[in-house]
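We just call them A, B, C and D in the order they show up, numbering each chain from 1.
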Amino acid sequence: MNPANYLFVSALLFTIGALGVLTRRNSIVIFMCVELMLNAANLAFVTFARIQGNLDGQVIAFFTMVVAACEVVVGLAIIVSIYRSRRSASVDDVNLLKF
Amino acid sequence: MNFHVPVIQYAEVLPILIVLGAAVLGVLVEAFIPRSLRYVFQVVISLGSILLAFVAVVRLHGTSHVAVEGSVVVDGPTLFLQGTLLLLAIGGVLLIAERGLDTGGSAFTAHAATLPGSEAERTALASGIIQTEVFPLTLFALGGMLLFPAAGDLVTMFVALEVLSLPLYLMSGLARRRRLLSQEAALKYFLLGAFSSAFFLYGSALIYGYAGTVSLSGIREAISSNAGNDLVLLMGVALVTVGLLFKVSAVPFHAWTPDVYQGAPTPVTAFMAACTKVAAFGAILRLFYVGLSGLRWDWRPMLSGVAIVTMVLGVIWALTQTDMKRMLAYSSIAHAGFILTGVVAVNKAGLEGSLFYLAAYGFTTIGAFAIVTLVRDSTGEATHLSQWSGLARRSPLVASTFALFLLAYAGIPLTSGFVAKFAVFAAAYSSGSSALVIVGVLSSAIAAFFYIRVIVLMFFAEPKEDGPTVVVPPIMTTAAITLAASVTLVLGVMPSSVLDLIKSAARFTF
Amino acid sequence: MFPWLTTLGLIPLIGSGVIALLPKGRDLLAKQVALAISLVALLVSLLMLADFQKNSGGLQLVESHNWIASFGIKYAVGVDGIALLLILLATILAPIVILASWNEAENGRFSVKAFFALILILEAFMVGVFAATDVFLFYVFFEAMLIPVYFLIGSFGGTQRSYAAVKFLLYSLFGGLLMLAAVIALYVISKDQFGAGTFDITALTKLHIGVQLQRWLFLGFFIAFAIKAPLWPFHTWLPDAVAAATPGTAVLLVGVLDKVGTFGMLRYALPLFPDAAKFFTPAIIVLSIISVIYGALLAIGQTDIKRLIAFTSISHFGFITLGIFAMTSQGLSGATLYMVNHGFSTAALFLIAGWMISRRKSSLISDFGGLQRVTPVMAWTFFIAGMSALALPGLSSFVSEFLVLVGTFTRYPWAAIIATVGIILAALYVLILVQRSLHGPIAPGNENLPDLSRREKYAIAPVLAVIIVLGFFPKPLLDVINPTVVQTMQVVGVTDPAPTGGK
Amino acid sequence: MDSAHALAAGSSSLLVWLIALPALGAAILLLGGRRTDKWGHVLATGLSGGSFVVGIVELIRMLGRSGENRGVSQHLFTWISVGHFNIEAGLLLDQLSICFVLLITGVGTLIHIYSITYMEHDLDRRRFFAYLNFFIAAMLLLVLGNSYLNLYVGWEGVGLASYLLIGFWNQKPVYATAAKKAFVANRVGDFGLSIAIMIAFATFGSVSFDGVAAGAGKLANLNSGALTAMGAMLLLAAAGKSAQFPLQSWLGDAMAGPTPVSALIHAATMVTAGVYLITRSNFVFDRAPTAQLLVVIVGVITLLFGAVIGTAKDDIKKALAASTMSQIGYMILAAGLGPAGYAFAIMHLLTHGFFKAGMFLGAGSVMHGMNDEVDMRRYGALRKFMPATFVTFGLGYLAIIGVPPFSGFYSKDKIIEAAFNAGGARGLIIGSAALLGAAITAFYMTRVMIMTFFGKARWAEGTHPHESGKLMVVPMVILAIGSVGAGALLSIGSSLKNWLEPVVSRGFVEPTPRLSPLLVSTLAIGAVALGVLIAYLKYVRQPIPELAPTDVSIFTRAARRDLYQDAFNESVFMRPGQYLTRSLGFLDRVFIDGAVNGIGALFGGTSVRARRLQTGYVRTYSLFILGGAAILVAAMLAARL
C-alpha cells in the first residue's frame, strides 16, 4: 500500500482534531481532540520513518506518547478543578478574562 | 541495525541537570520534610540550585560543542541565554518566595484542590497552610527553559517545550486570591498551549518527512542539498513556527497572553513573561538561524509580516487597557514584535541585537511585575489603572522605579530598552528591512503613549481617597526589584561589557 | 586639556544629586544650593571661554572616550562657535531662572527641592545636547532632556498641566523616533562605507549617500527638529506646554531647549544631507514664512498672556529657520544670533509675565490693565521685553532679525519681503498686549499689586542688560559665530550671492 | 573711499556728544527714578541745550571749511559684520544733516523750556523729560547715521519716542490706542525702509550712503528695477513717518500727546524725517524717475488731502495737524522734483519747523489758559486775554499762509515755482495743485485764527483765560522771530541752495524757468488772498455756533472724518484682520491641533474596536491559531509561487 495514504489519513486526523477544538464546548472533548492531533503527528512520524527508511520517527512516536500522557495528567487536574468550581466543563463558561 | 551507547557529556548539560535535579529534590522535600520546614528547604534548594547552575554556566564560558548525540548544543547563544534565564529566575523565585506581601502569607493558594469559596478553602486558609509545591514546579519549568534554546533537534525542542509549559499551566492556576480568574487562566493556557504544541509536533513530523532527520544540522544539510519535497518542508516550517510563535506571544498566536498574564499569580506572571520569552526566542533563533538558514528567502517575508502585525496590534491593543497586568501583557506582545525585527535580520547583528533585547526585556519585565505586587488594597493587588493614580505622592520611590521600567519599555535613552531597540532596528535596517524599522519606530511612538499614560497617572493625578496602599517592599521583592532596576540602568548607560560579551557569544555551533 | 565641557555638565548633575539628598523641608537651603551651583556652572562656562579660539570654525575643547564600542558610539563632546553660545545661553539663564522661580515651586505636586533638582538636571542635559559631537550621544541627550521637562511641566504647572506635559512628550518622542530611524540608517551606511560603524559627526559628513535616501534621512532629522523648534504645522504643543508650565520652565523650554531644533538643523541636518537640504529648501522656506506670519497672527488673537508669548515664539522660530535655509552667511549668522537673542528676549517676557500672573492670579490679558500706574518697574521691564520681541533697533533681536531678512533677501527676495510683513504684525501683537495690560485705567483687582521685589529685579536686570548691550555690540558674538558659519557653508557647499548691481 | 563727502579727519570727535548728551539725560532720568524728580527737567533741558551748543560749534567748524570738504564723519565701532554685510556704527555730519541738527536741538531745547511750565503739575514730568531727551537723541541719530541701517535705528527710535509721548497719558484708552496706531502705521513705513535696505545690500553690497551712492552711480541704465523698487520702498518709509498718503491717518490721533510733543515731534522734526530720507537718497531718486513721479504724486495728494481735512476740524490741534500733513506734502512734492526741489524741500522744512512749532506752542498756551479745552468753537476773542500768544501765533499764521515777507512765503513760493517748472502737463497739474493747496491753507488757517482769537467769547462756564508764564512765552517769541526771518535768511541769495548743493544737487544746472518767478508769486499771493477772503466772509460775517452744525455738506462731513481714511482702514485692514486672527485661531484648534488629537482618537478608537477581538472565548483563540497557521502555511508557499 502506498505510504502516502497514511499521510493523508494523518492529515485528515489532524484536521478533524483541529476542527474539533474549534467546535466542541466541553473542555475534556477539546482536550481529546488535541490528543487526536498529537496522534495524527505520531502517525505521520511513523509513516515518514517508513518512507525514509530510518527508525527515528518511530522512536519519536514513543516520546510523543509520554509527553501526551504528561499532558493528560496536568490537563485533567486543571479541568477537574475548574469543573468543581463551576459545575461545568464548558469552555464557553470561562470568559471572565477578556478584551 | 546497529545501536550504540549514547555518549552524554554531563559536564556540558550540568546547568540543566542541576536545576532538574533540584526540582526532583524539591518533590522529595514535599514528601518527606515536615510542613513547617518545607518553605525554608524549598527556597534554599531553589535559589541554591539556580546559583549553582549559574556558576556552571559561567564555567562553561567559551564552550562550543554539540553534546548528547546532537540533542543539546552548548554554544555561545545557549550559554548566554541560560545565564540570562538563571539570573531572571533568581528574580522570579524571589518574587514567588515572598511572604511579606499578602496578608495570607503568600501569593499562592493554600490548597489548589479546594473549591473557591468553599468551607474547605476557609479551613485551609485558617490553618495557615502555605503550600510550597510551586518551587519544584518553577524549577521544572526552568529546566525546560534551559533546554529549549539548547535543543539541537526538533524532538528535544518539543520535549523542552512541554517541560517548560506543563508546570507553568499549573502555576497559573495557583493564585490565592481571585481564584476563578486564576483557574480560568490555567485552563486557557493549557488548552491553547496543547493545541499549539500539536501544530509544532505535526510540523516536526513534516520536516522529518522532508529531511529524514529531526536534527537541526541534518535539516540544514538536507535543505542545502535540496533533497525531497519542498511542499512538505514549507508546510512543516510553517507549522513548527506556529508552536514557537505561540510561546513568544506573537500575533495572531498571542490571544492567551493577556488572559493568562492577568489571571495568573503575579510572581508567576513575572517569571513566565520574562523567562518563557527568552527561552522561546532562543529556540526560534536556533531553529531559523541554524536549521532553516538556507530557507531564509522563504521564511523572512512570513516572519516580517508577523513582526509588523505583532508590533502594530500589540501597541494598539495596549493603548486602551485599564488593567495594569493586562496592559503589560499587551506590551509584551508588542515587544515580541520588536525582537522579531532583530530575528528577521538574519545576520550577526540581528542575533546580537535579539540577544541583548531579550536580556534587557527580561529584567525590565521582572521588575515591572514585581512592582505590581506591591500596590495592594484589602482585596489583594490593585491592578486597575485608576487605582494607581497619585501613587507617586504616597510612594515616590516605588513610582519612580516603576517609571524607570516603563521608560525602558518605551525605549527612552539611558535605559536598556533604548540600546536594545537601537540594536535590533540597526540590524533590521542593515539587512534591508527599512519598512520594518519604520513600522517599529512608529509603533514605539504609539507605545510611548500608554507607558506615559501610566506615569502621568502616578505622578500627576490626584490620589484616590480609598486608593490602594503601597506596601513597603519586603526584602526578597526589594532584592528582585533592585536587581531588575540596576540591570535596566546599567544596560542603558554602560552596555558595553554586555554587548562585548554578546558579540563574542553570538555564534551558533552545529 | 582640562575637560571643560564634561565638568560643565557634571556640576549641575552633581548639584541636583546634592539637592535630592537634602533633608525634607529645607526648602530655602535647596534653593540656595541650586542658585550657588548654577552660579558655579556659569563661572566655569565663562572660564571655559579662555580656552576657546574664536577664529577657528572647527570643533574645540574636544573630548572623546569610547562608550559603547560595539556600535562605535563615543562619549564625544566639543563645541564650535554656535554650540558655545548656546551653552552659554543655558548657563546664564539657569541661575536667572532659579532666582526668578524662587517661590514658584511652592504649589507644585512635588517638593520644592524636586523642582530645583530637575532644573539642574535639565541644565546638565542642555549642556550635553549642545556639546555632543557624536550623533548617538546627541540623540541620547535629545531624548533624555524630555524627562525633566516633562516632570517640570506636569508637576509644577498650572491647570491642564498633565495634558500639556503628555502632549509635549509625545510630540517630541514622535519626532525623536523618526530621527532615530535616520540615525540608525546613518550608522548602517557608515558601517558599509567605513568598515566600522561610527557616529562621529565630522566623519559622517564625509559619507556618500544616494539622493533618494538622503532625502528620507533628512526628513527624519528635519521633522524631529521642526517639532522641537517648533515650525508650522508642528507647533500646537508649544502654546499648551507653555501655558501650563511655570514661567521658569517656559523660559528654559522655549528659550534654550527648543533651540535644539534649530541648532540641530544647522549642525546635523544641513551638513549631513546637503543635497537633500537644498532639495527641500523651497518647501522649508515656505513653512518658515507661514510660521512667521501665522504665529504672529495667532499671537494677535490670543487672550492669554503666556499663549500669546508662545505664538510670538513660533513666529520667531520661523525667522530662525528662514535664516538657516536661506544658506547665506548673513542668514546663518543671523539665525544663530537670533537663537541667543530670542533666548534672552523670551526669558524676559516669560519671567515678567509670570510675575504679573502670580500677582494677579490670572493669565488673562483682560484681567490686567493700568499696571504702569500700579507697578511701574514691572511695567517698564515688561515693555522693554516687548520691544525686544518686536525687534526694535537698538535691542539685540533687531540685529539678528535684520541679518536673517537681509540674508534671505539676497537669495529669496519674495520670501524676505513676506517675512518682513512679520515686523508689522509683531508691532501689533506686542502693542496690543502692552496696551491692554499696562495702559488704560487701573483694572479692578489690580489696585494693590506689589511692584517687583529686590530678588526679581536682580533676576531680570541682567537679562535686560544683555538685550540692550547686544543690540549695540553684537560683535563679540558674531566674531564667534562667523567662522563656524563659514565652515558650515563650506561643508554644505554654498556661497553668498554676489551683489547684482556691483559690476 | 570715493566719497561725495571729503572728510576732515581729526575734527570729528564732538559728533558723538550730540547724541550722547540727550541720551545720557534720558538714561539718568529713567533709571534714576523718583530721586531725580526734583531736578530732572532742568538736567534734561540743559543737556538738550548742550547738544545745541555742540551743534553750533560744529556749524562754525564747518563754515571754516570749503564747500566740498564740509562733511565730517566719525567711526565709533563695528556694529554688525557678517560676510559682506559690514555695518559700522558711524556718524556723518554734512551740510544737510547740520540743518537738521540745529533744528532738532534748537527747537527741541525751546520746547524743553516751554514744557517746564507746561508740565509743571503733571506727576510724571520727569518721565516726560526723559522721553523728550530720548527723542532728541534718536532724532539726531537718524540724521547723523552714515548708513541706512544706522538711520533705521534712529528712525525706529523716534517712532518709539513718539509712541511713548503720544501715549503719555495712556490711562485714557483713547490715547493709548492713538499711540499704538501711530506705532503700527510707522511700522508699515519701516517695512518699506527694511526692504529698501535689503535691496540696497543685494544690489550694491553696501547699505552706507556712500556705498549706495557709488553703486547707483555705476548702474548703467536709468530707472533700473532695483532702484525704482528701492525708491518706492523709501517712499513708503517716508509716508509712514511723515504721515503722507496713504499712511497719514495716525497724525490726527497723535495729537493725544501733550502739546509740546505735538510741536516738537509731530510738527517740527520727526514727521519731516521722510523728507530727510528722500533728500538724503537723492542718488537713488535721481536715477529712478518712476520713483520720483510716485513721490510727487504722494506729495500732491497729501498736500490737498491735509488741507481739505484742515478746513473742517474744530479741534485746534487737529486742525494744525492736518496743516502739518499738508505742509509736509509740499516738502515731499519738492523732494520729488529732484535736484530742482531738494533745497526748497529742506527750506520749507526749516521754516515750517519754526512757524508750526510756534503755532503749536501757541495752541498749547491757549489750552493752558482755557482748562485744556481744544474745541475752537468754545474759544473766541482771546486776543485780549493772551496778547503774547496772539502775537506769536499770528506771526506764525502769516508765515504759514505765505504772506511776504514772512518765512513761509519764501519757501512755499519756491516750491510752487519749481512745480510749475517741472514742465508740460505734469508741471501744470502739480503747480496748480500746489496753488490750490496754498489757497485752502490760507482759508483754514484764517478760520483757526478767527475762531480762536477774534469774534465773541464762546467759552465754557468757569473759564478764565490768562496769559501763560514766562518760560512758555519766551520759546514762543523766539520761534515767532524764526517764523518771520528764517525764510528771508535762507532764501536770499540762494544761501541754503548753495549750502546744500554739494550734497544734493552737485552739477545740477538750473533750467530756464517756464513761468516767470514774478508771475508765480503773484498767483500765489492771489490764491492766499482768496482763501483769506472766503474765510473772512464765512467766519467773521456769520456767527460761529458753539456746537458743530450737523446739517452740513457731504464735503464737510467727509473732511471731518478725515476723508474716510480711518473708515477705509478699518473696513479693509482692521476688520478683516480681526476676522482673520479669530478664524485662524479657530482653524489652529480645530484643524491642526484637531488633526493631532484626531490621530490620537483614531488610534484610541481602533484600539477599542480591536480589543473586541479578544473575546475571552477559548474557541475564538483557537480559531486565531488555526487561521494564523493557515496564513503562515500560505505565506510560506506563496513565497515559492
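Annotations
We adopt the following convention: contacts are C-beta pairs under 8 Å (C-beta built on N, C-alpha and C of every residue); 3 or more make two chains touch, one makes a residue touch a chain.
Keep in mind that this is a model prediction, so the values were computed, not measured.
Two chain pairs are in question, C-D and A-D; the one with more C-beta pairs in contact is C-D. Relative to the centroid of every protein C-alpha atom shown, the closest chain centre, again from C-alpha atoms, is found for C.
Inter-chain spacing, taken between the CA centroids of chain C and chain D, is 37 Å. One finds 96 Å separating the Cα centroids of chain A and chain D. Chain B and chain D have centres, each the mean of its CA atoms, that are 79 Å apart. Averaged C-alpha coordinates put the centre of chain A at 25 Å from the centre of chain B. Chain contacts: chain A has residues 18, 21, 27, 30, 91, 94-98 touching two or more partner chains. Looking at chain C, no residue sits in touch with two or more other chains. Residues of chain B in contact with at least two other chains: 187-188, 191, 195, 199, 258-259, 449. By the document's touch criterion, interfaces exist between A-B, A-D, B-C, B-D, C-D.
Chain B makes touch with chain A in their complex at residues 1, 112-113, 115-116, 155, 158-159, 162, 166, 169-170, 173, 179-181, 183-188, 190-191, 194-195, 198-199, 201-202, 204-206, 208-209, 212-214, 258-259, 262-263.
Residues of chain D touching chain A in their complex: 611-612, 614-619, 622-623, 626. Within the complex, the chain B residues that touch chain D are 187-188, 191-192, 195-196, 199, 230-231, 234-235, 237-239, 241-242, 245-246, 251-253, 255-256, 258-259, 297-299, 301-302, 305-306, 313, 316-320, 446, 449. Touching chain B in their complex are the following residues of chain D: 600, 603-604, 606-608, 610-611, 614, 616, 618, 620-622, 624-625, 627-629, 631-633, 635-637, 639-640.
Residues of chain C that touch chain D in their complex: 171, 233, 235-236, 294, 297-298, 300-302, 328-330, 333-334, 370, 372-373, 380, 387, 392-394, 398-399, 402-403, 405-407, 409-410, 413, 416-417, 420-421, 423-424, 426-428, 431-432, 434-435, 438-442, 472-475, 478, 482, 485, 496-503.
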